[in-house]
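In the two assemblies presented below, chain A is common to both, partnered first by chain B and then by chain C.
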Partner chain A sequence: MGEERATVDPKLLEILVCPLTKEPLRYDAERQELISDKAKLAFPIRDGIPIMLPDEARPLEEGEAR
Partner chain B sequence: MVAAMASARGEHDATGGADFGFRRVGEDEKPGLVRDLFDRVAGRYDLMNDLMSGGVHRLWKREMVAWLAPRPGMAVLDVAGGTGDIARRVWEAMEGEGRVIVCDASEQMVDAGRERTWNAGLIGGIEWLVGDAEALPLPPRSVDAYTIAFGIRNVTRIERALEEAARVLRPGGRFLCLEFSSRPPAGVDRLYNAYSFAVIPTLGAAVTGQRDAYAYLVESIRRFPPPERLAAMMTDAGFGGVRVRSLSAGIATLHSGWRV
Partner chain C sequence: MTQRAAQPDGAAVFDRAAVRAHRDRAAAGFAGRGDFLVREVGERLVGRLDDVKRRFDRVLDLGCHSGQLGPMLRRQTAPDLLIEADLSPAMVACATSPARLVADEEWLPIRADSLDLVVSALSLHWVNDLPGALVQIRQALRPDGLLLAAMLGGETLFELREAFLQAEAGQEGGARPHVSPFPDVQTLGALLQRTGFALPVVDSDRITVTYESAEALMHDLRAMGEANAASGRARHFARRATFRAAADRYRETFGGADGRIPATFQVLYLTGWRPHESQQQPARRGSGTLGLTQVLSPRER
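And then the complex of A and B:
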């Protein structure tokens, strides 16, 4: 992982909501994902940039949603 | 048939189709095609804008930001703002106080924009995200201004993007849209057509290696609703005080409105 990686702007994390449900998101710092429990999607953060497109999101697995 | 085509210009239609330049594609297909196109040209997008317009796009963008008149402390959302051209101008006008959020559907464009902004010594202040103009990941009434420059014609359902703009704007918030006009300027249409359909795709091929991308970009200008139609769509979406300003003999148009 010697590659340099940008971190996501915390101010941006505070304002972002799920593009589908418009509900707040859960931030998983380890996986670098923003989780929408209601939409059952995990939006990736790549190189510090949140990718808020449902097409690019990972569907949550059974029991993963809170 | 002609009437059906005209009513389908960038607007939702019952057939479930969308314009992708002069091609008809499925409504579900268009976002991916547009994203892919901008991903491919991202690295040389700004250079191409300079070459195609002889630098005039800078004057139009300056005019847009001047009309917006950003004040320090404002929250501005720049949609389809990929390479950060508008965002940096707005940020400068706000004297570095407030926030500018750039949202673009193409990850490569956002990457290029952030890189360029950082290289210009501007770190922080401008926030970057990849998102869809028709489904913005922001809460209602969260920004004071919404700008979109040369982006709205690439949106699949313009009405939906306008509704989203109205949703995220605070009441009294400002909407500004800069776009090419679908009609060629009067008197010089032959020259303008030749330039659009012959010169630009060739130039695009030479500079970016992507002839198709630039053929699409000029075709999509012609498929875009005329200024008075876009103004009416803005009113329908909940904007008041809608005004239209024509730039450079009508080559480009600025639309302004206030969230009621």
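And then the complex of A and C:
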């Protein structure tokens, strides 16, 4: 790890959806988050591992959803 | 989360936070110390693919623990994509597939029609909404995709259950559940059918492990991350006197001549397919050529 950031497997990214709405997710590479606009939640990616638990997601700020 | 309102806390059978905490705590030493049952069941589960003549390119190991099934699945089907998922981040961190995620079986984050095979070894018995989880798995499978799951059944740890019942009957104001409630074959068969799986099959298998003592068994259950997480469990450890009484009852009732005690794990194997037209189908209604009376009373023809 160190400087090199672990990335999410692209084939996995392709089939991940929001666990609540089952809608596609937006990948924010900068913040390492998977964003569900409809559920207004951002799911964190830690060390290349998406944490797809509704309880651990960050609620989106006002105006952050697209 | 308000989304959980459909299942109010008071009604949940299992404390999912406890399930996760037990797994998180067991993760570091799981390989080697706590994984014998998962490896054994995993071999039996994956071995069932020997009889299936098709390739499985996209595979999900749901409730992967620290990655016990990964090498077995790679050897068996050489999938294009193997996803390892578990409720416990600490377990997932120990798994080795490039495609890993932390996920709750009750909130499956997988796109519809995207998997060829979902395998799950010894995780679904901790799910509160099993019908909901099965429906989500079926949706995530492609048509003709396969679910192959193993979960603990109702006869699991019956010796421990009975020993505590006997010991607590006269103490602490009555018995508390020390062992989780588990489903049985009939219930699961009906459930697979009801949740839309084709050609559903459920069968049962018993694995008996012997221990030096009840303490050694309890220690092992914690190492396996399988300590009781039923919502109605006693929140504190049993009183020393109660535990000793239960340990004594256990040995008296079930102990062998060699002084060791047996612990039974009933494993229920679930098989079901996402429906597809290539599968064997029941005959169309009204397509029969024999009258019912002919079938029921052949001698009166």
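The definition used in the following text is that the second predicted complex is superposed on the first by the 61 of 66 C-alpha atoms of A that agree within 3 Å, B and C clash if a C-alpha of one lies under 4 Å from a C-alpha of the other, contacts with A are read in each partner's own complex, and residues count from 1 in each chain.
FYI, a contact is a pair of C-beta atoms (placed from the backbone, for glycine too) under 8 Å apart; a residue touches a chain by one contact, two chains touch by 3 or more.
Small disclaimer: the values here were computed from a predicted structure and weren't measured.
Q: Touching A:9 in the superposition: chain B (first), chain C (second), both, neither?
A: A:9 sits against chain B and chain C alike.
Q: Is A:22 touching the first partner chain B, the second partner chain C, both, or neither of them?
A: both
Q: Would you sort A:60 into first (chain B), second (chain C), both or neither based on which partner it touches?
A: Neither chain B nor chain C is touched by A:60.
Q: Kindly list the residues of chain A that each of chain B and chain C touches, one partner per complex.
A: 9, 11-12, 15-20, 22, 46-56
Q: How about chain A: which of its residues touch chain B in the complex?
A: Interface residues on chain A, with respect to chain B: 6, 9, 11-12, 15-20, 22, 46-56.
Q: For chain A, which residues are in contact with chain C within the complex?
A: 9, 11-12, 15-20, 22, 24, 43, 46-56
Q: Using the touch definition up top, name the residues of chain C that touch chain A in the complex.
A: So the residues of chain C in touch with chain A come to 1, 3-4, 58, 80-81, 83, 87, 89, 92-93, 98-104, 107-112, 114-115, 139.
Q: Which residues, counting only chain B, touch chain A once they are in their complex?
A: The contact residues of chain B facing chain A are 31-32, 99, 101, 105, 107, 110-111, 114, 124, 127-132, 135-140, 142.
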